[in-house]
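Each of the two complexes below includes chain A, the first together with chain B, the second together with chain C.
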Partner chain A sequence: MIFNLYMFNREGKCLFYKEWNRPRKAYKKPEEDQKLVYGMLFSIKSIVQKLSPKAPSHGGAPRFLGFRTDVYKLHYMETQTGLRFALLTDAAADDMHDELRHIHAHYYVDFVAKNPLQSMSDSITSDAFVNHVNKYITSLNSFK
Partner chain B sequence: MARNLQRAGELAFAKMEKINSEVLTLTYGSIVAQLVKDYEDVEEVNKQLEMMGYNMGIRLVDEFLAKSHVGSCQSFRDSAEVIAKVGLRMFLGVSATVSQWSQDGNEFSLVMEENPLHEFVDIPEHLRGLYYCNILCGVIRGALEMLNMRVDAQYVRCKLRGDAHSEIRVKLIEILEDQYPEDDE
Partner chain C sequence: LFVINKAGGLIYSKDFASLPNMSANDYLRVASMFHSLHAISQNIAPIRSGGIEVLSADTFNICCFRTATNIKFLLVVEPSTLGSDTMLKGVYDRYVEYVLKNPFYEVDMPIRCELFDVELEKLVAEANAR
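This part shows the complex of A and B:
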């Protein structure tokens, strides 16, 4: 089951947020929730790099991939351009990194990056992007 | 990690949708011609072309990463080779060579023997200072900035000005760190 998806740019602005299944809302305003998630991801990324037992030049520069609890999993993907994706699924779901890469490569690149009228530092208003992502996520096996 | 960048460039180029080169050349030419008419000052036109390129570069880089499947670069030298062999080949159809590294490894030259944008173009005497393809300098600067590298890219030689080949000098100014957004509450 897929719960929700966050997309942040390198400045921490939430470009896209969509919920498919989130009965418990722990926030009053979505902005608070998004800021919290971004802050957490930023901190974890930094700690993950500091805790790495191997030196970065010897294959030890770690990439944060996500975390899991007994109830849900968070899958994290960051592009070299600083675009951050966080997808929450139930704990039994498989790895979703390929799916996140698909969203970036096909929907973000085509409907956001290549659209000159869509600013890269504001939330995504492109209907094409929103609809494609929605259709894609709801069509996945892991969605149910 | 030894990787064949030439091959990666060819593969990426093959995957891209193609456009008739005359349509591209003439479209670009009409952009430059319009800028020349609007601004009249050659330096200003160069600056506008660079700014247009910058806005293109910040967007192109995501497509580049998605379609070229080139992994992260380990050094600035690596980045230079990737730009020359994969990036330029993928988007412009021609690859470049990297040469004339500075002592500290922070500056290099991108040398292009041919450039599809140059076709049919002859720069008249009164536009001598024009860097016709300055948009490429902007694209490089924009793309690298999204990858946390602030660079300065300038044309130093241009085939349209009578030089043997076109050359862009790229200088690394600084590597940007991830900034935590200011809390404005």
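This part shows the complex of A and C:
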């Protein structure tokens, strides 16, 4: 089951948030929740850089991939431009990094990055992007 | 291996392989950060959650075992390591035996029990030999 998806830019602004399933809402405004998620991801990234016992084989800094709790899993992907994706699924889901890469390479690049009216510091307004992402996620096996 | 008390303070840390560029302060900071992140992960959870169990990066994983009394045992392992949760339960058993049953030990204070150290070394030596 896929719960929700967050996309943040380099400054921490949430560019896109969509939830498909969310039984528990612990916040009054979605902005609080988004800021919490961004802050958490930022801190986790700095812990990973600090604690890594050796340099990764791909050269460059150690990367955070995601975490799992007893009931959910968070998959994280960061692009070279500083765009951050966080996808929350249930704990049984497999690695969703390929799906995140697909969303970035096919939907984000085509409908947002190439859009001359879309500024990097605004949340995403492209309907085409929203619809494509929705269709893609709902069609995944892990969606139910 | 790190042990964090219920307030988020580091009460025990042990290295089984060297970690470059980590001073004593860094350990304290990392442990407290993990404690807060664990709490945040429970907060943002889409359904009621017990907090982070495994945090994966490409060069290592952090496995966390949380007791009913909110003490966290963290293990930093290579990604290919299996059986970290059995190992963590083993550490917890030894914690109960050598730390909690020690009449001179106060709860939530830094752990300074020799027998706990000795038993941990034995546990890790067995695990590394396998």
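The rule is short, and it goes like this: the second predicted complex is superposed on the first by the 137 of 144 C-alpha atoms of A that agree within 3 Å, B and C clash if a C-alpha of one lies under 4 Å from a C-alpha of the other, contacts with A are read in each partner's own complex, and residues count from 1 in each chain.
Everything that follows uses one rule, which is that a contact is a pair of C-beta atoms (placed from the backbone, for glycine too) under 8 Å apart; a residue touches a chain by one contact, two chains touch by 3 or more.
Fair warning: this is a prediction, and the values are worked out from it, not measured in the lab.
By the touch criterion stated above, A:I137 is placed in contact with neither chain B nor chain C.
Once the two complexes are laid over each other on the shared chain, residue contacts for A:N21 go to chain C alone; chain B is not touched.
Contacts of A:G66 after superposition: chain C is touched, whereas chain B is not reached.
Once chain A of one complex is fitted onto chain A of the other, the partner contacts of A:L5 are absent, as it touches neither chain B nor chain C. When the two complexes are overlaid on their common chain A, residue A:P53 makes contact with chain C while staying clear of chain B.
Counting residues of chain A touched by each partner, chain B versus chain C, the larger count belongs to C. Under the contact criterion defined above, the residues of chain A that touch both chain B in one complex and chain C in the other are 39. Chain A contributes residues 3-4, 19, 21-24, 26, 33, 36-37, 39-40, 43-44, 46-48, 50-56, 58, 62-72, 74, 88 to its touches with chain C in the complex. Within the complex formed with chain B, the residues of chain A that make contact are 10-13, 38-39, 42, 79-83, 101, 104-106, 108-109, 113-114, 116, 120.
Across the complex, chain A is touched by residues 55, 58-63, 65-67, 72, 146-148, 178-181 of chain B. Across the complex, chain A is touched by residues 17-22, 26, 30, 33-34, 36-37, 40-60, 62, 76 of chain C.
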